[in-house]
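The data blocks that follow each hold one structure.
Each of the two complexes below includes chain A, the first together with chain B, the second together with chain C.
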Partner chain A sequence: MGVSAIRDRISSSRDHYIWEDLKEGVLTMVETRSAKIYLGFLLFVLLLGLFGPYIAPYDAEERLRGEGGELLRSEPPSLDHPLGTTNNGYDVMSRLLVGAQPTAAAGLLGGAIIITIGATIGITAGYVGGWVDNVLMRFTDLVYGIPILILAMVLLTFFGMGFWSSVVVIGLILWRGSARAIRSQVLQIKERSFVKAARATGASTPRIMVKNILPNVAPMAVLFLALGIGGTILIQAGLAFIGVVDPFVPGWGIMIRNAHQAGLVGSNWWWSLPPSIMLSLTVVCTFMFGREYEKIASGEQTFAETK
Partner chain B sequence: MSRARFFVVRSIQTVFLLWVAFTGLFFFFRFMPGDFTNLMLAEGANPDAVAEFEERWGLNDPLYIQYWRYFMNILSGDAGMSIQYRRPVWDMVNTRIFNSFILIAPGITFAYLLGSIYGSIVGTKRGSKLEEFGILPLIFVGSFPAFVTSIILVIIFSSWLNLFPTSGMISPGRQAEFAQLEWYQRYLSLEFVWHFILPFTAVMFRYLYLPTMIMRTSIVEVMGQGFAFFHRITGISKRRQLAHLARHASLPVITVYPISMTRALGGLVLIEVVFNWPGIGNTLVNAVMVRDLPIIQFVFFLVAAYIILANFLVDIVYGIIDPRVSVGAEDA
Partner chain C sequence: MTDELLLQVENLEKYYAQKRSLKEIALRKEKDPVQAVDDVSMEVHSNQSIGVIGESGCGKTTLLEVLMGLEPLTGGDVIYRGTRMSEFDREDWLKYRRNVQIIFQDPFDSLDPKQRVRTVLYEPLRVHGIEDKEQRAREMLERVNLGPPEQFLSKYPPQLSGGEKQRVAIARALILQPDVVLADEPVSMLDVSTQAAVLKLLSHLTDEMGVSLIYISHDLSTVSYVCDSVNVMYLGRLVEGAPTERLINEPQHPYTQALINSIPIPDPYHERETIELEGAPREPIGLGEGCRFRDRCPERMDICEKTPLDTEISEHHQTACHLYYDHEDESTQVSTGGESQPRESVPADGDDQ
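Take a look at the complex of A and B:
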């Protein structure tokens, strides 16, 4: 297939139902007020990731000196330095703003890996069934048993402590939840008449999986993308805190590690607390957004049923 | 399938799984790049010395002989020597295991007790404000990275209020004094309790949300069943009603308990690092940094064994509480 053919396919797929489904999915996501708040905060972090380095008041890598030329070590918050300085004279506010970028990037890449693997395995296992399902699901069970932080820690020390490698290792393990959930939904979808009709017209298995099943699990895929982003950020920060991630990529996890390594977590709270809070809020917002979305998607029926 | 047969089958499965985990880990670590001898060479060690080192530790023997030797050694309680400290791994690890256990087991058990009680209360108050917002803070704290919860505790209770020490299990100044006592006496001292409270609280808060949420959902489900209705119309006291409900609703919570215990390992590592707690997680982090393979491999095996045995135990307990699991298995 040539380049122009691919471009044609992409442009013709623009008004495809998959986009309609996605648009609908995005709109249902923000139906409630709390969902709007959670998504709003996540977009805020994303914007920080894009523009943080430009709005930072100081150079994050510059060791600041006072008027007398002495290093501004562990200065508490002031008007000049809204969040104070670190023990080496770095401006905390600037580092916080710059640190959004690696954190957001890690989340997005991790989420993408997770949902790609999870959807592929989930849809294949659910639709094909039989021994394929058995093998894939036993494999998923196996991955489920892995304590992710502990394994990732060892893999990283042996294969190199990079920033991206930490994200990829997490992505290669954390797809397990989405694979299970998507499979169980596919099991219901494949009994519906439109799938049977597609099969009766002689559509191939891959075609049905992509054209008929995938659009129908898209809302759930979006949910697990959100959870995947949160999970990746959470564990990546943990690995950074332990010290098996490249310390020169200044994410929030690394910031907290530096404060802890300096033994100043408690006394220089203006240094350790802001990245901790930003990190936690980001993770909480992805998880809560997923939960809220689940509530909206299931139509609040749980309450009425049990009453 | 009779209950006895169910137990026997699960026992055999468990032993088999332990062996699979053991073997898998052995080969996993053997094929890892960058082992200790490579590191020695990279740091400029004399190749002759490295060869002698390999000869001495039997690293030149065929893999199956190494495997067999390791297997027999583990069975006889010998997990090898730490490369970094030149001490038997077991000697280094045994008190650490206890230190971690004493942190995680009471922490999570307490979280489950507290969470079950709170979850039942929230669940029976269906539709109230408590039901709507009562669990939210717990979920928030539970979604925080484990080290963040710990750091916030340190900032508030050690730095601002100056109530508890920031790190360690025994203050550095009193190490020598406690070294002379029997090993268990340190756990009975006030010094230990003083250092224990913050990490314990961190573990508890971190895992409080799951039992609470499950208990709430479960109790709502059970309330809709026939016997609950029957209890309501016979007019027995609210407390006894709740006791009956809780007994039935606790099954899902019991299932998740070992999952939490195993899932908590990652969080435990982080909490131990923050508080500099001399537990197995801290040991592992230190060993990983210097690639002390015997320690890493043994700790990994411990983790795997812990997960496998926890799952085995819950199946057994579940089989006793709910006979449908063991006796009715053949219908499936």
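Take a look at the complex of A and C:
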């Protein structure tokens, strides 16, 4: 590869549509206040996931003892322990900060699996059509018939209650909605004349799928990525609460489960409420952020015009 | 330049099978296909611009899509420089796609909203592995009067006006230096003021670059501006073809006469005889034998139940109408003048001549 080819590649990747879409999209989104709040909260959770363990005031796995050497059981919030302690003497604040990491990681991995499978199947089925479409969509219908919680419980009980395996199981099922929706959008796009023009210049089917179809379903894919992240976090927390997930990965779902198991959800509100609130807010914010993004990106106007 | 036969359309036929309901499949009931394009023949030589006109739904666009290879043909053939489309292999297709390009009707739809003008113009070059993309793109933009090129290369289509978009589409079609460009009503979506400029550009560029043009439209005025010769299409068939001048001044087929007659003249006091056609074209389904125009034709005769042959009236002027050929030496003559059974759908009595 010559120097000019490399330079060409760099410059073409710099004005790649994904990069442009993201940059422009984020810039535009930050102009509406609600989106700013959603994005801000999501960044906050992401930062907690990255740095939570380092800013936690106590070791999340350490049972704390008072001055007299007795366990600090179910201490209400105080200056030393802003969110109190659990019935076993763990600092709730520290556990909440550490718990952001598995929660965020679960969401990102699950969302990535969902959108990768969903977009691949949706675009292939929609654009190629014919028997390929039939096979892929009947397979999607089949996956639609799977009750996710029950399958996940069965699989996890048989193959070990790992944290990551739970996320993968969720991802391997939840792509179904995005595949259907993306396919239906591809069906519309492929009838537009710019796709015909691409075919007329001799572009191959895979090339058109990557260069023309994918960029035009990207806004919807981002929406489904957001929905996937939210869905994965919710279901993963649900599985954790039921108790089929590795209890030693301290996600927020596990925290709620522990509080529930101790029978202290009601009385020790400082223990049960914070993880619940964080979970709900994270999921709501991902959903809403995806919606806002889709609203802007799929509108007929471009980013440049909304500016 | 030499006069070379580039594209030869031979009895081209495109039928679409109609969807059958479950009941019809169960009862093994066949449905007549939609006869979008039927028995169309024409030739495209180098440096020629040919128009095809006809009203909406007559199969113009289908003809174009079949020519472009976007829809498979169901009969007849297209021959490009001696190779038959029905026998094209991968390489032939790539060569064909490099040399035959298309300009679509709707510039708002024919440019990918997610691709910058640069990418739009680079894509054909990338597909065909042509280097010096940057230079070609700039040159092409200047040729379609979008200058300075830097200003347009990094724009997205939604940032361009309708006329600018169509210029980009023209640039995309011409950037591979094709032999033939197919244009599907390229100005019908533009403002009248922009139409003239884009038309002028298109006609100028095809002349300059030695590209042949097949121009499809329902609008005779734009066709006559661009094209050397014009074919008239009615319900999937070509009914008349002649050099533009001749067709306008001496239309022969009754449909062409009505068409020419319907061109508005911007003079409210102008007196002229108008030929008004009654009804609308039929559905192109189950057309069967006979002239396609017979149920609306003011000159209808009994013999119109037979499909008229293409006759050469004078040089380069053909029409498919029973009025214009000698039936004595043809076997097409109806055996007994008045007694041929008229079809129920057709009024039994026409204006015999």
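We take it that the second predicted complex is superposed on the first by the 267 of 307 C-alpha atoms of A that agree within 3 Å, B and C clash if a C-alpha of one lies under 4 Å from a C-alpha of the other, contacts with A are read in each partner's own complex, and residues count from 1 in each chain.
As a convention for this text, a residue touches a chain if its C-beta (ideal position, glycine included) is under 8 Å from a C-beta of that chain, and two chains touch if they have at least 3 such contacts.
Model, not experiment: these values are computed from the prediction.
Trainee: If you tally the residues of chain A touched by each partner, is the higher count for chain B or for chain C?
Mentor: Comparing chain B with chain C, the partner touching more chain A residues is B.
Trainee: With both complexes overlaid on chain A, does A:194 touch chain B (first), chain C (second), both or neither?
Mentor: Only chain C is touched by A:194; chain B is not.
Trainee: Scan A:215 for contacts with chain B and chain C and give back first, second, both or neither.
Mentor: So A:215 only meets chain C here.
Trainee: Which of the two partners, first being chain B and second being chain C, lies in contact with A:273: first, second, both, or neither?
Mentor: So A:273 only meets chain B here.
Trainee: Help me check something: in the complex, which residues belonging to chain B touch chain A?
Mentor: 32-34, 126-127, 139-140, 143-148, 151-152, 154-155, 158-160, 166, 220-221, 223-224, 262-263, 265-267, 269-270, 273-274, 284-285, 288-289, 291, 296, 300, 303, 307
Trainee: In the complex of these two chains, what residues of chain A are touching chain C?
Mentor: 15, 17, 21, 192-194, 196-204, 207, 211-212, 215-216, 218, 300-302, 304-305
Trainee: Which stretch or stretches of chain C touch chain A in the complex?
Mentor: That would be residues 65, 68-70, 93-94, 97-98, 100-102, 104-106, 109-116, 118, 123-124, 127-128, 154, 156, 158-159, 169, 172, 176 of chain C.
Trainee: Residues of chain A touching chain B in their complex?
Mentor: 145, 147-150, 153-154, 157-159, 230, 234-235, 237-238, 241-244, 256, 260, 265-267, 269, 272-273, 276-277, 279-280, 283-284, 287-288, 291, 303, 306-307
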